[in-house]
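Labels for the chains are A, B and C, by order of writing; each one numbers its residues from 1.
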């Protein structure tokens, strides 16, 4: 009988609290605890951290990567990897702004998102049908897209300077109520919908099953190819959504605006508890992890510290999380095949001697 | 595509049980026997044909072929070392870029005490990173990609914290002109006025590492570990040590590459080596080493490195623009690896 | 336990609520100007400051800059025509300034300035050193932030700076075109803005008080002329380009190409490629060029005088083609050393410390109520083996 249960993705404890159950509680909710610790630390010590403007700034920064992380988390859950997210962000931004002149945002934004989906589809087909390792497919695709972006734009940053483009840009970045701008709202809605979908629907649960054990999932009648392809499409679409709205808010799309997102999102997903091996984690966890990292980075800037500190701390947190997880499995594997009751007997015998 | 039975399955019993698709085409046979050198040969032929048609000139000259080798020697050094990590089933070591930067900047800093202390310090720095990776991935089975990524971040942070975002110059740090000149010559020394030291180092490393991988007990254990880690463990192989050693080898070759790139660029800086992680993975995988581990060879990886060099050379000679080169490179990468995987599968060698 | 979760979340909620209540109080603190401040500020003499290379820290250039009339539609002209690049080269010459704050004219001493650069680089370190020297001379409170070449982070820093309400924001935009929305945002918040180093597109200049920095196109044209003279106005040249996505990519290849099309039309453009800032990749590229073009290749124009220049020179040495003339944009130690060694023929003198210093000096002038030009350039000079010693030691 497990002594914990879940409410909205947060693991809760039942009445009988033991040391073991507390540890499980801490382990299951570690990203929430980490977030609260970082947030409280910054609130107490970082200058000018805790006020509406700054918190909104954090939310704005979070918006793109949090959207991108939705699809990427699903990719990790099914046990694959997608290196194209960075270039898809850039591509969608460029398409979204570049075509605006001809078909307006009403046309260009869907086209940009479709392009992201199309790249996801190609990735998915190559992984599921041609059975090439996703590490290779997406690495190759990343190179192709990078070249395509440069060729397509001729090295030019795309920007908009018409009044209606500014109107859209300002609308996306203005607060509608505290902490929330339309772009943040879009992100939150998408994250919430995706978390509910992944946790509460059968289709969503099936992704976990594939990641846990692809073969078993296939035997259980799940069309693993279809799920793999849809995961890649989802990843392409969310990366495109994140990219195109960010570009619209900035009224410009640079040729490397997505580059830093790749490592950022991977780190966040892992810190959030999603495993590279698949079958574990959640969209909401990744969201909280991104928020945590952004709070951290924001605080570091407010302290007046440089990027070297930021890189070091980010690496340190990532390394600790990976080592912590690996160590837990290591300890678990060490006792596989051992009979604790026999060991106890042995201990007793030794004690009697 | 002709459909034949498994050509090289000698055991009748296996042939009957194995019901996987066994379509073998000419290309997959070629790939099977000649490995990636089939593709390398193809590129060489393309080059020769283009030269014959007069579209490009002086492709098949000693100078040009040496240029190709020179250009990829540093990549080769990184790739043959990282191949051990891939071979052991641990995908890749993404901490290579900052290992290169770290060893380079440490060496430059230690030039103050002379050339050889600098080399020793660089190797020590490389070993530290290697051992950290070895313990975490080998012993505690941390996910190699994420772990080495994290190490990459931490090392980068350390370099930038210690050297406060500065780059340092060998000729300003070295006390004696000799130390500075020796350091400068790591990249620039040439034998017979033709063969550069990095190229020589690559050839030597290929010989040594190929010997280790194919002829020694450790190599056999590595293959077993890469192909089936659990089975290897239960058959008494110390897989922890085997995987750990692979990471240390990788860190050491990265050290060699780090010294070379620092000598070439005459600055110790945190950004030296950027991009070598994915470049090396590309070379390794094109070279026929599968990410699943336990398959491929150092000689194959060298073939992959040569293909990258040939490809870049031919494209530049043709006057293909930088950006189109990227697209073509990515496309060929997926294609070659895809065909390789497919031919392995169709020969019943792989079920992935 | 459910309660723990509830308690933690309500705690957070309470914190958030108090935050909103006090939100307004965090900002809006103005330095009180006393009467003597302006006089004291005007008395500060920054012309005695020296940069690391022994040159005066603040030197003005741009005297020789000639601004031609803008053609009706520059983009319709061929790329080889210098006027095709008018909008990029002379951005800010025609402006329609919007909502520019009035100078308080109460003296620069004690002012709070936030400087946001583009990313970490030895150049940036030198630049911020220069800025700091001037800020110290005026006792200004200078806060420097670096977004590490990440647009999202730079936007965040701008938001944070707006939130803190400094007396002035100095910004190196990450890209000529992203500058527009950033400048608008700062302008809307009513904070004076000076852009520097990276020349943004014209529309962004409408929202800034001024721009200071190098005339990249201009100095590339100058370098191109020195290059052509050395080549005897004939031969074939290849261009190693800057990384795409930014004005240097255009200024450092199309600048010289369009200049040479007029100044030395006999010089042929053989190829142009962007191998990135890696010595080994550049070396491979140049080796391949030497194979491809043979003796037709007589000159190489590089966008970077450190890694790219090193790669070029290694490739030339290997092929025994030291006769090829190499010039490069930039002013690093590696480049200066290469000039001394004789591998490189010319580089551009572009003071990094002076770049940052000029921006702060312009800000100080504005606080002092002086008239400031919309565009101020740092001086241009082409360093050749003849005068490299005068510019030694390098700043980075």
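Note that contacts are C-beta pairs under 8 Å (C-beta built on N, C-alpha and C of every residue); 3 or more make two chains touch, one makes a residue touch a chain.
Note that the structure is a prediction, hence the values are computed from the model and not measured.
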Neighbouring chains shared between subunit A and subunit C, ordered by label: B
Chain at maximum distance from subunit A, centres defined as averaged CA atoms: C
Pair of chains joined by more contacts [C-beta pairs], A-B or B-C: A-B
Whole-Å gap between the CA centroids of subunit B and subunit C: 37
Whole-Å gap separating subunit A and subunit B, where each centre is the average of the chain's CA atoms: 30
Subunit B: positions in contact with at least two other chains: 160, 165, 321-323
Per-residue multi-chain contacts in subunit A, two or more chains: 150, 306-308
Multi-chain contact residues (two or more partners), subunit C: 120, 244, 274
Residue numbers on subunit A that touch subunit B, as the complex places them: 81, 126, 130-133, 135-137, 139-148, 150-151, 263, 266-267, 270, 275-277, 306-309, 311-316, 318-319, 322-323, 325-327, 329-330, 333
Sites on subunit C touched by subunit A in the complex: 1-2, 4-5, 8, 12, 15-16, 19-20, 22-23, 26-27, 120, 143, 145-146, 148-153, 155-157, 159-160, 162-164, 174-178, 180-181, 184-185, 201, 203, 244-246, 249-250, 274
Subunit A residues touching subunit C - in the complex, by the definition given at the top: 7, 10, 12-15, 17, 25, 36, 39, 43, 48, 50-58, 60-61, 64-65, 150, 153, 155, 157-159, 161, 166, 169, 173, 178, 246, 249-252, 254-257, 260, 297-298, 301-302, 304, 306-308, 310
Complex contact set, residues of subunit C against subunit B: 120, 122, 125, 241, 244, 271, 273-275, 278-281, 283-285, 287-289, 291-292, 294, 306-307, 310-311, 314-315, 318-319, 333-334, 337, 396
Of all residues in subunit B, those that touch subunit C in their complex: 56-59, 61, 63-64, 67, 70-72, 74-75, 160, 165-167, 169, 171, 187-188, 196, 261, 264-267, 269, 274-275, 309, 312-313, 316-317, 319, 321-323
